[in-house]
Amino acid sequence: MQVRVQAEPFDTGAETGAFVARQSGAGAVVTFTGIVRDLPGGGLSRMEIEHYPGMTERAIGEIVDQAAARWALSDALVIHRFGPLRPAEPIMMVATAAPHRADAFMAADFLMDYLKSRAPFWKKEIGPDGAEWVAAKDSDENALNRW
Amino acid sequence: MQVRVQAEPFDTGAETGAFVARQSGAGAVVTFTGIVRDLPGGGLSRMEIEHYPGMTERAIGEIVDQAAARWALSDALVIHRFGPLRPAEPIMMVATAAPHRADAFMAADFLMDYLKSRAPFWKKEIGPDGAEWVAAKDSDENALNRW
Amino acid sequence: MDVLYFAWVRERIGLPRERVQTEAETVADLVAELCAREERYAAAFADPAALRVALDQELADFDAPLKGVREVAFFPPMTGG
Amino acid sequence: MDVLYFAWVRERIGLPRERVQTEAETVADLVAELCAREERYAAAFADPAALRVALDQELADFDAPLKGVREVAFFPPMTGG
């Protein structure tokens, strides 16, 4: 299990390739990559992600532990960036490996729902009308009730 | 949308990187990679995948069309190998891109369930006790009822 | 019409495809005709519940009509992915 | 104790962290104390339902006791992922 919180960009392809290559015994790998989207009307100049150093790593670690306790995972990876990001850049990724596909899928889906609403990150969008904090969605909070 | 049925190995990392890079407007990319697992007691020397040329591409295309009709996908990729494969080699991969994560996750999960039981591939395992066709699992057929 | 066999159906019958002259009206009729021909067909088709059939590359049922069909394929349940 | 602020809570209060001397027994008591200090705190804490709190880096409720806590953090609902 590996958790990385970093300002530096990461290469989704290289991370996925390395993750698949280091598995032994896994029959299934699922990855999720979150990407900076432009504003609905366009013109996003950048996204700024703030986080809570110390708590971030701890919160993600606890979420990964929960996933590992609930599903037969052979490995998991979480990478999450902070600081300034440009449109179309990857924000974060999750990878899960398991003997069977259902575990890999459910664990990745669970990790995303919890990272979204329980890991201390806050997104701010800087566009043509200035800077605005992204509001949490009820649908994201409600998604936690699935688990 | 892209479907490739091929004997040649593919590089999951490179495919994932290229898929993420070619998205515009997607906020979420999900990938699934299926990997050749060893036999429970070990000793798998290779897996042979037989398929039905012509029907394979058509069946996968129809499954991808169904996924695109049900979820807000901006892109999808399916790669499936046939012929001889070694343990730990990727057998196939699926990638989905969507504005939001729920669509990307559900479409990838759906694609996997249908590819597993409705695309004309058959796996044979060659191990210490000879060659054996992999039996379809009831759980795989039942998984289709989820959709 | 062309009749194709895959996986262990192919192995039991001993060939991947053949051209069959038939007046069979349905898939089930064709299966009965083939089984009557030789023991290896009877062995391959012994348990129809373990088999799937495609007509012109689309999955079909055993009671589907063969009229107009050019290619029939028999195989075990798929195990892709 | 150390009190930390993130995102728009930090912006409204105008600083990322400060050391606070307090006898407050619960998070809610601490919030009331801060609000009484200056308008910018009252503005930041105007809608407690829009806020989250962590005690020593674990999410907590506003009625949680502060005894033994070294670090309190206030922030809006998270928007990671």
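Annotations
Labels A, B, C and D are assigned to the chains in the order they are written; within every chain, residues are numbered from 1.
One rule holds in what follows: contacts are C-beta pairs under 8 Å (C-beta built on N, C-alpha and C of every residue); 3 or more make two chains touch, one makes a residue touch a chain.
What you see is a predicted model, and the numbers here were worked out from it, not measured in a lab.
For the pair subunit A and subunit D, there is no chain touching both partners. Chain centre most remote from that of subunit B: D (centre = mean of CA atoms).
Mean C-alpha positions place subunit B and subunit C at a centre distance of 26 Å. Here the CA centre of subunit C is 71 Å from the CA centre of subunit D.
Computed from the mean C-alpha positions, the centre of subunit B lies at a distance of 48 Å from the centre of subunit D.
Residues of subunit B in contact with two or more other chains: 34, 101, 112.
Listed for subunit C are residues 81, each touching two or more other chains. Counting only pairs that meet the touch rule, the chains in contact are A-B, A-D, B-C. Against subunit A, the residues of subunit D that register as touching in their complex are 4, 6-8, 10, 54, 57-59, 73, 75-81. Listing the residues of subunit B that touch subunit A in their complex gives 11-18, 20-21, 23-38, 88, 90, 99, 101-102, 104-105, 108-109, 112, 143. Residues 34, 49-52, 54-55, 58-59, 80, 91-92, 112, 115-124, 133-136, 141 of subunit B are the ones touching subunit C in the complex.
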